[in-house]
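Take a look at these structures.
In what comes next, chain A is part of two complexes: it sits with chain B in the first one and with chain C in the second one.
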Partner chain A sequence: MRQLSFWRVSGWRWLLRGAAAAVLALVLLPLCYLLVRASEAGPAALQLLFEARTLRVLARSVALALAVPLLSALLAVPLAWLTTRTDLPLRRMWAVVTALPLVIPSYIFAYLLVSVLGPRGLLQQLLQPLGIERLPDIEGFPGALLALTLLCYPYVLLTVRAALLSVDPALEEAGRSLGLSPWRTFVRITLPLLRPALAGGGVLAALYTLRDFGAVSVMRYGTFTRVIYIQYQSAFDRSGAAVLALMLVALTIGLQALELNTRGRARYHRGHAAAKRKPMLVHLGRWRWPALLLCAAVALLGVGMPAAVLLFWLVRGLTLGTPLPALWNATGNSVYVCLVAAPLALLGALPLALIAGRQRSGSGRLVERVAYSAFALPGIVVGLALVFFGARYVPAIYQSVFLLQAGYLILFVPEAFGALRAALGSVNPSLMEAGRTLGRAPAQVLRSVTLPLMRNGVLAALAIVFLTAMKELPATLILAPPGMGTLATSIWGAVTQAYFAAAALPAVLLIGISSVPLAIFTLREAYQ
Partner chain B sequence: MSDVAVECRGLTKSFDVVSAVRNLDLAVEQGEILVLLGPSGCGKTTTLRLIAGLEVPDAGSIRIGNQPVAGEGVFVATEKRRIGMVFQDYALFPHLSVSQNIAFGVPQRASETRVQDGLRVVGLCGVGGRMPHELSGGQQQRVALARALAPHPAVLLLDEPFSNLDAGLRLQVRSEIRDILKANRLTAIFVTHDQDEALFMGDRIAVFNAGSLEQVGTPEELFFAPASRFVAEFMGQADFIRGEITEHGLQTEIGPVLQPVTLAVGQRVEVAIRADDVSLVADPQSKAKVLGRSFRGAVNVYRVRLPSGRIVHSLQPHTLKLADGLLVRVQAEPGHPLAHFAI
Partner chain C sequence: MKIVGFRKALLVGFLAAGCLVSGCVSGAPDASGTALSAPPVASGEVVLYSGREESLVAPLLVKFTAATGIPVKVKYGSTAELAATLLEEGSRSPADVFWAQDPGGLGAVAAADLLATLPQTTLGLVPMNFRSARGDWVGVSGRARVVVYNTNKVLPADLPPDMWGFTEPQWMGRIGWAPGNGSFQVMVTAMRKLWGEEKTRAWLQAMIANDAKEYPKNTPLVQAVANGEIEVGFSNHYYLLQISKEAGTGLAAANYFLPGGGPGSLVMVAGVGQLATAPNSANAQRFIQYLLEPAAQGYFAQDTFEYPLIAGVEIAPGLQPLASLNIAALGVGDLIDTRGTVDLLQDVGALE
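Right after this comes the complex of A and B.
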């Protein structure tokens, strides 16, 4: 009897551990396989590491990953301050609008940017009557910087806004009472309190930049992701791509480790979350006009311009006539693949989140570290590794939709983990213990207490994974079975042939459909 | 049937390298309220969680009733231990109504009557349909108690259950809860860091210090015969003065105290003395000086510096007024033996 209950408890624990180990093994598979692949190349791989060509790729990637977060912070801090701490007109609207670029995939945004600002783009056509025959080239570093900054600044904006909202107003009031001017209070008190948020948001932006494939490819700027893809497509020696992919992963995982460390220190400003009192709003006076101009300019470039241009191409595409059946087919494929991927990623992430929730245990901390680090795996790397691995060891699923689903699982388990972990973290652990003391076994407590309380977090995780999976491009390009087009790959196909009008309708569909679950979730939460 | 409800033997638990509980022996009688008392971080909550099965002991054993639940190669899961627990933050399920919370640990067929009984016992009839956040702190506290009692546990564990209530409410709720526990002859283990609460709630009190037991005894024993200086200090309001064992008993720096002594003659000691044991008489020849007075309504408490530099407090009727700086003769008139410790 006693022995039985003992085994029942550990049975559950082992089930959880087994599931978590299986998921982690799958997530780490690409990395391990790339190591094997690169080591097969032997000394040639080492040589490649120090070739001038490789170093140039490294330099370009690092330059972009430094410039984008810096420029994003310069945009985000004033926007965050204006929308939380001042009497800026239409404050709430600006807060929503400036966060919108998050839903736009980078390849769509970059293509819209090129189609407007390119040497013979829409802007040039507008300026033609003035005798301007050609605009300066935006491809390369400036174009990539502009596109990625406009796509990334919302990450910094959201973290800084959250930090500003959670700073205890009493700290700033204390600064004023000690004789500091409002400006010096901001510099000496508020800004240092924002440092963890700035670091966190900045690392997110840098990670996005390093992982991004779409924008740098459209802008023809040879960072790791673009060069890896070109090598994969053209070269017979694939270990070169493997070595580059490993270098990229080393960069992103290093960055992610940095972010985890800033997150640890970031706690001190959340400690003041209990302060419900709202800070006094700064009266902008005449300064509200330049402030409004800044918000409008960012909104115009990040949201207004892409929307208008997309509409323009959409109308032109429809009047020219688009092959609709292929499009419906692609839409169906996208929705189907993502509807499978989202719950699958959630299921995979659940055991990890449950184990990581036991912070006291060493295994909990380890799982948390690994899962967060896996977030740094770029889609191109996962795609490349799986395609090598599948071709060599599991020909049965090579070029099948299962390989694509495996890729999505690897890419999105860390994302689902993040959302679930946050949801689990907000459930008071003594509630689970109370369930146990009232005679329920761990699995029953999970079903009757933990999961119901995590429901919002679970729904949010589903919505976020669905959105990200719809937008995903590089892994889909490599892993989707031949003949199975998705919205992302159809847009990509049209864009690479500079057939902008044909890309517009799938782009509208992609943004629309992928945002539906998130919009429903957000509205539901606002309603509650 | 043994009369022991819970028994811990050699219980040991460390977190990382910090040892939280060291080689602890403890027994709770059937129908008794045992209070685990000590400063924060002394291991009392860990002991409670070990008994609940929420932590696994590194060594030692635990029995609940006649059943071994931990140690000796056995580990019975929390849900099989027949314990009820009241958490510091109540841990009411926010997604369930009050009734559903109380019924949570009860088999379906019995739940209706148990919920009604539970609500009646804690005096909350009619709020069963509400959600936890719609209740006041005191009501939530009582729902948490009703929920823990509903499955008829063998022993009730309470982890600082009153620490989230404000002072006035705390006094009221603690006497209500003590009445409920006593009326139902429940066995309970109660964790607190508040000595006043411990004296009020406990049939017996176990004083913890740094992971081990200092003393277990009735409130009176602990208050009047503390086994160590730590206990005397923790039970409150004691001053310590110097003394020595002589052939006639205890000689202190404020005069002799007639009482039986066990230590050897010549042993130097520290004597615990409380404000109500100390009398003051104005005496210009004395070297003890009044430092200040704090007015407590019916009484005055004087702070006096002895020639040795030690400070003692003295409780005096509010009719006696002694000016600051006045020289006074200090005498011990306890009317009971004074606790003293070898140094």
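Right after this comes the complex of A and C.
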């Protein structure tokens, strides 16, 4: 047998560690910035920490960050199951459509939700003939919960669907052959197998909820992100904002501990080298009608409603002769930066996922926690942190597209990490070990065994980062070089000043472009 | 076979990304959209940080460049975000000019000594109360605070002469406001100046007692008045004009300029300042000067429905002339303490 040199094995290990350390250092930059700014607040910082108002903000953030993933799971599990395991009519279409809300920017979505479901919104106008004069207010917690659940449940949907597709059907068949009903098979065998996917997708949903500004500001629900923005916007108070942002980081770390506990020490990959095969589809029979109703209701609220209102604005603007902006540059810039951001985030997340996924030790967990710690930070904080370091220490790339990409890397590495981590968890390590005992170097095993086995996770990471970067706004505004507009900044500029027709065109373009990779990924994953 | 295809695809993806990254070193993404046809201008270009929106600024920049030959590169953002960015950049900022939506953003940047003193020829074009006392920024267009009312439900004669009138219990459940909005906060700052802290606090508490419905910003607020969700809303004058234009039909809403004076009869300015560290100060000053010339002032008046600040420019049809408004006697310096205002709003529970 060919003997691998010491260097090829341990050199690889150090390369992996070095890459991981570099990425983690970048991810931790915003935290350093926050510590610098918070320390300027002095004793006032401590006072702010224990104010009753701050504690209310904390309570609201926790409530939302728990309720959104919970409700998302309740939506995502049936939808994922229906679109992968049943003979639901138009299954492929529903698979794509139910994932689509992920591509809609939250600041647009929440705005549209209010203009349709608000007390005197479009829905009320439709119901007017029935004598309904106003609908109940949806702003506050219910509105924020509704908007963020519709925007975030696709995170859970995608991870759960991937898990359903990779579960060994033999386990479920064994359950059935031992006399379990289909329902009990699902509850006792399938659902427990989905635990890591639910936890992974749930954490992404929870952290996105904490980071999001658009929905909570339109719904006027005072979570950390909104209060941090108020500090910047109204009081120009960078120290106060930094103290609040550090509390948000602490909350993020607390939430992660919850997720790590639910995963426990169980293994979720296939027991042995069972050939991958498709599970039997469940025949829905009469149940297909309620199933279709669920899919249609979610699609109507999450995709149909925003698309309809945007098209209405656009058509109204066109018929009134409103001049529409030329968007060639903005579209090109958006696609260009996101096409770069997606593989960069993937490359950045890969060493982290390999370390965290293969080591159940403390260092694996530490990597995981650090990778997620900055995830919930609002874009404005990440943007200002890079302004702080960029203008001071690397003026050569300051206000260039490189700094924007660094910002995207910080913002999106955790998302790519989440997708890769879940994919790696369902790969049986003995396959990689077999590769090593057959004389392959670690890098070769990664290339020829591990990556191909987790290809759905890789594609998921690419698609998710691409479309989240497309809709990212606050960090883009701060970090994009002067003169570089994107679709997201065009929408934002128009909608804040009630130029609805001018906002609708870039919004339709953004949603259309982001839908493409998501649709390709969804169809490829489930029906290849 | 599929696995090989996937690996190849991945490899191609990374290579493409690599090319793109290296491509942008040589300036591949043409951000300005003009650089391809025009010869490269390295030193003449003005870098503008604009807290005002692109739909308003971009057409004006085209005119400016056509008139002067000076190209402009813009970074758009909210006034607060750009102010925070300028504060973090400090003396290393690449910006020449900061154009802010409100005096608060300019005040924060000026307080950090980041703005240069403007020439007297520029400052002199604008009345004293619409520019900074230190001469480091100047207002370029004005916006009036108004009460927007639903014309089906409220008669102008029923509206009070000043803001205090809305504390009456008859307004219970009929008012909308946007405490998170910058212009609203400027009005509260004016209240604190003119009425004092205690009366302002009493007014805010009365609004809460009257169940004023909160909106995230002015656009949805004005729309809620127009569709009858609420009967009156505190806003700026031009939102109604813009929303009517977009809707294409008459709306059941009108602007009411409070005749009784006081903090509700406020004219606020959007303004510009030149960075002390501006790499290109001569052209920056030319740009600021241009914003106060009749061409630009006429553009503000006719296309964005704002008030021009220099003499002799016609205002949009349907607007009351500035001279006929009972404007509160306040200078811009009186209106920059938004921090104290936010503290007060948070203290009474109007803002989180």
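We adopt the following convention: the second predicted complex is superposed on the first by the 282 of 528 C-alpha atoms of A that agree within 3 Å, B and C clash if a C-alpha of one lies under 4 Å from a C-alpha of the other, contacts with A are read in each partner's own complex, and residues count from 1 in each chain.
Following the convention adopted for this analysis, a contact is a pair of C-beta atoms (placed from the backbone, for glycine too) under 8 Å apart; a residue touches a chain by one contact, two chains touch by 3 or more.
Small disclaimer: the values here were computed from a predicted structure and weren't measured.
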* Asked: Is chain A touched at more residues by chain B or by chain C?
  -> C
* To do: Pick one for A:P474: touches chain B only (first), chain C only (second), both, or neither.
  => second
* To do: Name the contact category of A:N333: first (chain B only), second (chain C only), both, or neither.
  => second
* To do: Kindly classify A:P506 by the partners it touches after superposition: chain B alone (first), chain C alone (second), both, or neither?
  => neither
* Identify the partner contact of A:R120: answer first if only chain B is touched, second if only chain C is, both if each is, neither if none is. => second
* **chain B versus chain C as contact partner of A:N428, first or second or both or neither** => first
* Examine A:G175 and indicate which partner it touches, taking first as chain B and second as chain C; both and neither are also allowed. => neither
* In the overlay, answer first, second, both or neither for which of chain B and chain C A:P452 touches. => both
* Touching both chain B and chain C, residues of chain A -> 452
* **Of all residues in chain A, those that touch chain C in their complex** => 53, 56-57, 111, 114-115, 118-120, 125, 134, 139, 217-220, 222, 226-227, 230, 232-238, 316-317, 319-320, 322, 325, 328-329, 332-333, 336, 339-340, 342-344, 347, 380, 383-384, 387-388, 391-392, 395, 398-399, 401-402, 405, 447, 451-452, 455, 458, 462, 474, 477-478, 480-485, 489-490, 493-502, 528
* Asked: What does chain A use to touch chain B in their complex?
  -> 2-3, 5-6, 8-9, 360, 428, 430-431, 433-442, 448-449, 452-453
* Asked: What residues on chain B touch chain A, complex-wise?
  -> 15, 52-54, 67-68, 74-80, 83-85, 87-89, 91, 93-95, 104-105, 147-148, 151, 157
* **chain C to chain A touching residues, read off their complex** => 2-3, 6-7, 10, 13-14, 16-17, 20-21, 24, 29-33, 47-49, 53-56, 73-78, 80-81, 83-85, 87-90, 92-95, 104-105, 108, 180, 182, 185, 214-217, 219-220, 222-224, 227-229, 239, 242-243, 246-248, 338-339, 341-343, 346, 351-352
